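Below: a set of structures, written as structure tokens.
What follows is chain A paired twice: with chain B in the first complex and chain C in the second.
This part shows the complex of A and B:
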């Protein structure tokens, strides 16, 4: 059998030629010359509607363009602009009719740079509820009710397998499970369900090999997948694993670098000491590269305080690190305050031979105090781990926050917008 | 599967049968509608010119569904106020036959089935039936006209005019049709299928798409 021939007709309004791309499926076509809508369901072409709109609109994807979706090539054969009136607001979207002589019809919708690929469905969704909102179950997924509207065709170009006219209107309902959207369209008691998959402009440009780059998408579209969608879970999982790693590092640190004792000794502070209480320790070696040094003080103070001035002095260079610590410990029947011990970390002390100058100080009339001084080289800096743990929190918190604002932007456009219900159902 | 050839009682052209159980066929040459009797073929009518259609399927198209291969042997063409559709009569390699509907390239496979309960004399949109553990809902009622026949059919079918069909769907792509052209009405049950599910060969070609 010879190939099915493409059909060509003559416009009964202007006499111009009209090429048909949809073979015998085409039941109406818009004359490209005079924009008259023609009825092609019978061999005698009749006028369905004299097109009112004079403005010439060029669809972003031209009629006749072929694009590949999955493994199937589809040709753009029809284009319509559909409009929704919502209170004082009017908004419009573009709808492209796609055709393949074997696989049939699909459509593309475009709104503010957001695209969807639409396929009519043969199964029926079941009514359901999701988080107290109406929803439907379909193909094992729950689709949340998003909005309902009356969509009116306000501009048409090309061919359709039904008799299209501007002014046609349909009651539509959208249910979403991003990146999918399940929509019902009802005309004259007939309900058609279709499933739309979100597509970025770049995918459309690639499918049709369009020149240039797609215009940017504005806002958040109903079934646009959240860029943070699957990420909050994974961001928090990553955070958990990084914390485990951090804890392991901390543990290793504690084993590997417990801090070598460079110097320690036991001292006493006799009561009523009046003479110069400052003394110097024997010299000791601080080895390795420049790193920290921790001096800890352990006293037997009881309801008393002591103040220590220290200087860590390099034997050779005379480089001096001055620091001081107070130790105070008080207790009564209600409990205790302060601690008998204190410590100080001096960062970045170069290696070398050092000694310590110690000047303890107590209130006059204090009882006998005995104390230990211990100087450790290269102790783990636990503060670093705390800061690291805090920094690790930033990405998951940010992602969670961004996801929240993305979802808020999505649902702002919905009939079920939280803002809408709070303000008393104003559309 | 082929049965011996006979000759058209009208024009004498050879008439071949692809399916031995065919009750009716059409003569390719003179478009006579021929009905098999015990002894020969009888002309019962004539097919008017078939309306132009763009189904990719034709008589002789082969396919496979759920590992059973089939061949298209005949069709009934219907028309309604929003277009037309084809009911392709398909014969499986086990000798059974079914129907492949092509309505604007939406495909449904169905088989004549015994209704689990007697079918109501009339139905309405939204009416539900529980058959074989599935909930079928009437989704559309279509008033159609018989437009023509071609090839081999399992019954005599050539003098119909106005018909009423109720289409039914489930939540999992099951498909059903109640055909009110017979009394009692006939039930066909099957599946909505995708083009690729049918593994079709020997299809028509389309200008610009080869």
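This part shows the complex of A and C:
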């Protein structure tokens, strides 16, 4: 911004000098010495309001500071604190008036470390509805109604293009489509619409080249963009593609690992058998790389149980895989329990010649049981794919949950019920 | 979790699933690597399984 000569007047209350940076636009100014609000609309400077407060407040961004927003530099010429009374609670926020001689006025608002850059609009929005909630349409976007309030000015500093006084109040309404917020201010039959864009404190510090770091932002602000907004869609798309890849991998393993039968035979367990019913099967070949082996047991049990001790033994090395399986099946008029079949997957069995030691057990006095044993080499283990599919769900579900929590926190501050609220956006 | 992290997580998970499947891993509890004498083939009753002695089970629905 080129250097410009600021006009100076004398405060009629304290006699101190008062600079005017807003040129002819300035209709009121606060004396920096005595804080009296002065009327500068006429050459004879009059007192609009005398300073009542005992404490002086220093704005975070000082008056006279210059900051660049986009390609335009603005100077802070005014500062006011506004407040809203909601029941027993009072909420206050800061508003900075910015001025550029060629681009006019803008505002910055700050609440709990959340900042917005505000520009007054000349066009009017159209009334609309967004999912059962009042809304307005403006510039091709739908803005959902967020809240309405009466804001009161409680502290002023600097100069303003209107005759400002502490105690001034305006009826305000906010409509949001994060990161944008459309607001109306109504005073004495005049309605002003302004469009605000959310800014992080770091952007303000960078724009004004302020020392140190901005204070942290607390809570979720009305038009604060959700950090998870764009992520949920892409997370679910990524999830879909990863599941396609998982399904393709499963299909590939089903082709590569058809589960060829290495051994199968039929056996029986006669009534009155002694406990020592151990036997061994003929040898069979487990070919290929070290991979799994599935042993399936199919019985004709009925209201009974059987227990099988197994040992898969390498003929040559004596290496043994020791395992056991129970089969039990019971039924009555109410239904059935258990199964006549069972299976077990033995992991990473090296290739070689093997035999199976089988030791079935049943309760004494059990009737005749016949059963089949089938050993298949290299079977797809669907459990891994099931677990992988479940684990793949965690990131998108987590992102969706966090987005939901963020939106719930946003709408808790609204006049509208969180249950029926949704943030505005492209319509 | 942002998308690139999710992609890395997903690819690692798919890779682990592929390795588990290729190596033939299993969830099942298997007692393995005991080396037995060759005489077990001729006398299977001499072997004592780690899971033996189940006949106390009474079963029932």
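The working rule: the second predicted complex is superposed on the first by the 299 of 427 C-alpha atoms of A that agree within 3 Å, B and C clash if a C-alpha of one lies under 4 Å from a C-alpha of the other, contacts with A are read in each partner's own complex, and residues count from 1 in each chain.
In this text, contacts are C-beta pairs under 8 Å (C-beta built on N, C-alpha and C of every residue); 3 or more make two chains touch, one makes a residue touch a chain.
No experiment lies behind these values; they were computed from the predicted model shown.
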- Using the superposition on chain A described above, determine whether A:324 touches chain B (first), chain C (second), both, or neither. second
- So, A:24: does it touch chain B (first), chain C (second), both, or neither? first
- Query: Is A:132 touching the first partner chain B, the second partner chain C, both, or neither of them?
  - Reply: neither
- Query: Where does A:104 make contact in the superposed view: on chain B (first), on chain C (second), on both, or on neither?
  - Reply: first
- What is the contact status of A:282 with respect to chain B (first) and chain C (second): first, second, both, or neither? neither
- Message: After the superposition on A, what does A:347 contact: first (chain B), second (chain C), both or neither?
- Response: second
- Is the number of chain A residues in contact higher for chain B or for chain C? C
- Task: Residue by residue on chain A, keep only those touching chain B in one complex and chain C in the other, then list them.
- Result: none
- chain B-facing residues of chain A, complex: 1-7, 22-25, 27, 41, 100-105, 120, 122-126, 137-138, 161-163, 189-191
- Contacting residues of chain A [partner chain C, same complex]: 231, 234-235, 238-239, 242, 245-246, 249, 253, 257, 275-276, 278-280, 290-293, 303-305, 307, 309-311, 313, 315, 317-324, 326, 328, 330-332, 337-338, 344-349, 355, 357, 359, 361-364, 378, 380-381, 383-385, 387-388, 391-392, 395-396, 398-399
- Once bound in the complex, which stretches of chain B touch chain A? 51-54, 56, 58, 82-83, 104-106, 108, 125, 137, 139-140, 169-175, 192, 194-196, 203-210
- In the complex of these two chains, what residues of chain C are touching chain A? 1-3, 5-7, 9-11, 13-14, 16-18, 20-38, 40-41, 44-45, 47, 49-52, 54-55, 57-61
